[in-house]
Amino acid sequence: MTRPLAPPPRKDPQRATRPPELPPVQRSRAALGLTARAARGVFALQVCGACGTVAYPPRDACAGCLSTELVFRPVADGGEVIAQTVIRATPDLYFRDRTPWRVGMVRMDCGPSIVAHLHGDVEVPGRCRMVARLDKGGNAVLMARPETWSEAMADDPEWRELTAHPKFRRVLVTAGREPVGQAVAAALSKAGAAIVFVGIAEPWKPFAGEAQLRAIPNVQIMPLDLTDTASVHELAGEIGGKTDIIVNTADHVRPGGIVDANTLVAARDSFEVNVFGLQRLAAAFGPGMRSRGADGVNSAAAIVDVLPVEALGNTPGFGFHGASAAARHSLLQCLRAEMRPGGVRVMSVFTGPVDDAWRQTVPPPKVAPAQIARAVVTALAEGIEESFVGDVAIDVAARFAQDPKVLERELGS
Amino acid sequence: MTTAAATSGADLLQALAAGLVSGSVEIVDLAHTLSPDFPVMVLPPEFGQCQPFRIEEVSRYDGRGPGWYWNNISMSEHAGTHFDAPAHWISGKNLPEATVDAIPLDRLARPAVVLDFSGESAKDEDFLLTRAHLEAWEAENGAIEAGSWALFRTGWSKHLGTAKYLNLREDGAHSPGPASDAMEFLVKERGIVGFGTETIGTDAGQGSHLSPPYPAHFILHGNGRYGLQCLDALDRLPTRGALLFAAPLKIRHGSGSPLRVFALVPRAED
Amino acid sequence: MVSEAPPVRSRSPAGNPRRPYRDVAVAVPVSIPYVRYSNETAHWWIARALKELVTRAGIRPVDLDGLSVASFTLAPDTAVGLTQHLGLSPRWLDNIPMGGASAVVALRRAARAVEAGDASIVACVGGDANGIDSFRKLLSSFSRFAQDASYPYGYGGPNGSFAFLTDHYMRQYGATREDFGRICVAQRDNALTYPQAIMRSPLTLEAYMNARPIADPIHLFDCVMPCAGAEAFLVTTADIAADLGLPHARLLSTIERHNAFPDDPIQMRGGWAMDVGELYAMAGTTPDGIDVLETYDDYPVIVMMQFEDLGFCAKGEAKDFVRAHDLTNAGSFPQNTSGGQLSAGQAGAAGGYLGLVEALRQVTGQSLSRPVEGARTALVSGFGMINYDRGLCSGAAILQAGAA
């Protein structure tokens, strides 16, 4: 049985914060194929296109027939744990600070034997289900979990290293004026966040849902205007030392392309929120979070950005909005690399068109704020770096993976 | 008056300078500090929006500039304590000298009268200043001089930093302002150079429901007059006798400008 | 022009029978005393071993016309750079990156070179540096599969890998920690008779059982002590050895195998199991004919597997074997007579040489440890390179006392 996580004690001001060491980060190029899929929570191994052999560890040629046609594909995730060990001594600085560390050897139903992190509730010998996730260094690792999963198992310390679970963590939601931010705040509170700071821009303007937002347990309203550098830094000065997760739900959306009307002011407004807002958050909160990536149960864990899937392909009816999404996506790639030394994850939650006033003319299916909130909590609790909310986002992502140029042509017609 | 007219400009300026040095003439700052959290006019979101004041540090004795400190600033022409030129409104779009760069220089310093309706405004957040109110005011205080600024004192600057300043509700903003007959009276019958307010605009919060909509904007600018808004410290001005300096930035074809508005006043008698 | 691929054969091509070794002599066992940490480089340790070799053989460095090198810590050099570094001009040069299998493989290759006349006197040397933190750095660049699929999981290094094998072996065959302890305790007894062993104090079974856990079920005394050092020997013809007046052993047989039994879900046997019949047949002997056994012993579980795979007992019965035998030099089954790596220390690739050099001393009457009585025939086994989840290289050789 997983021992339930205890609420962390208040920080001892006389003790040095544990530095954020990373697990071994070197990987081969082939292994990055595993990482690319683990980033989306997919357990996929190389399968030989010639003979069907499932290969592991990742390699460049099939050990069954020497073919070089190896393709990552989702494979059967069941297996038998045939041996285990508990690492109690290691020269590695990351694991040294986290021993005892349980590891298992799993004979997969699909063929190979896999050395994997071993969830505390898996019995040896016994059945397990393999999942692929990113470790603190941003690389794929495999973990053997019990065949049936229950929420109580999320407290397993090895599993928690692979996630950014909101339980007992202090979260900042950046755009509380909007339904998405409000839904996310409610969901995080329900998922066990210790505090949900909710940023409100221009507090002198009333907004719909304010009373309900204030009534959510553990919510604290904070002034935060992502377009105002001073405002972001002031908030970071106040809560930056205890912000463990940021969920950026801000999205300034206006319809319009770039030829038919003079939309530069609106475009600039979009970029101020969507692009520079993210940059201001990163600059104000990033350094503090990066230094607290290993600070115990409520260590700094993740920056989640909720962004439109138009980041992957422009929809001309919302042309400059899509451009800001693409810029945002690019900044997230940069941020991911910059936060990695601190073991802080940067997660992208791509959404289809949100069901709001701005997207009245967009045909369904559209995404409800509650759907986005569920996806944010899932991304954090399950350690998913890239997730896609709603049918449109899933569809666009699939088409992007197939051929970005075809996607451009389809979205543009 | 005849004495002043007989005095040479040099003597006048010398006397003024002496008054400033001795303190018998004081300067009252009527401008709020430009800061990012200063509210701006709220329009329905499908319209283009007024950009609030923003400031980004370029360097501060650091790697970006080791020996100096400076910032880049950006804002709407109508952010903070600001000046509206006639071209700001459609009614003034065809007038000559309608943009801030073309304003005749003699308008930059003008006498001001203060119309104190702070008591009425405290009781009624939608207080409308009417011609009748002005006539009553003149009966008590004398006629408003042509060529002067009419400053509408409502006490509203005290609400800055609170939601009451814009006082937004689902049906829009609620703050005092002039009725159209008051503007017609001030502009056409009294010939004021402009109308200044403590609120976010020269019009009432509910001014869009008046006829014409936004009568202060419509009538002032349609007749080549100016607006000043977000003024501070009107309670420190005498009803008459203040000399108001309101010089907008010289922005090519600009519709308005943030500015430092101040007034010269005689030192209050002890 | 595209050439047409020939049809795939339904069976393997015809075989190529092994030729026996003819008059290959193995001589001059050299062990440079190990130290736990050293500032000296692999080049330094190897030079010392070669110097000792030529001095004791009574030859000049230029007389070494063959050189076989095994080292993990020569980088950025290889055996090639070492020739210029040390002023050698060999006409035959080998670099054996096989860790614990290096000595057996070096011997196999050198033997055929000498036999063919490609070289006359081959120096086989294994040596490694060990500075503070160098073990960690060595591990981190060990192999691609380890980097991708082993280290990110707790980074137990070889301890973690052998913990799996040990855990599985115990579950499968009912071996207990005490059984492994018997091997470690006996080897410590042997080490106490070997003046160059790193571990100098006696080990009791109780102390073994009470040692701190490292990677369950591996405890402290299941692990070798990484250190710096070098080992070496000469391979030449019987005629040359006799001419130089060197006591030597004859090489009777060898085997070598890599990545054996890849379909085993976890390592339960080494490559020996594939080739053991050939090993004894070529030597014209059986397990009963072996007087001294030197196994590769980075962990006791692999010693048990060697007992089984080399035919001293059936698979799974090594636990009974160790309960039934005294493994000390004076015992019924002398094994790892200088203490093995578990007690003598593991000087990197020299660890692969330890057993061969010790066997050579035992069968040529040059023993530094307590001599095994009547030792004429020795079996030396090598095992190395945990590339991912198992050791890939295995080999073995049988030496027999030759004329002085």
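As written, the chain order gives the labels A, B and C, with residue 1 at the start of each chain.
Assume contacts are C-beta pairs under 8 Å (C-beta built on N, C-alpha and C of every residue); 3 or more make two chains touch, one makes a residue touch a chain.
These numbers come from a predicted model, not from an experiment.
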item	value
Chain contact graph, described as a line, ring, star, complete graph or other shape	line
Farthest chain relative to subunit C (centres taken as mean CA coordinates)	B
Central chain of the complex, centres being mean CA coordinates	A
CA centroid of subunit A to CA centroid of subunit B, Å	50
Approximate Å spacing (C-alpha centroids) for the pair subunit B, subunit C	94
Between subunit C and subunit A, distance of the C-alpha-averaged centres to the nearest whole Å	48
Of all residues in subunit A, those that touch subunit B in their complex	202-206, 223, 225, 227-231, 265-266, 269
Subunit A to subunit C touching residues, read off their complex	23-24, 26-28, 30-31, 56-59, 63, 82-92, 94-95, 99, 101-103, 105, 107, 113-117, 124-125, 135, 139, 141
Touching residues (chain side subunit B, partner subunit A) in the complex	36-37, 39, 42, 48-49, 51-52, 54-57, 162-163, 165-166, 168-170
In the complex, subunit C residues that touch subunit A	133, 135-136, 139-140, 144-145, 147-157, 159-160, 163-165, 167-168, 171, 212-218, 262, 265-266, 388-389
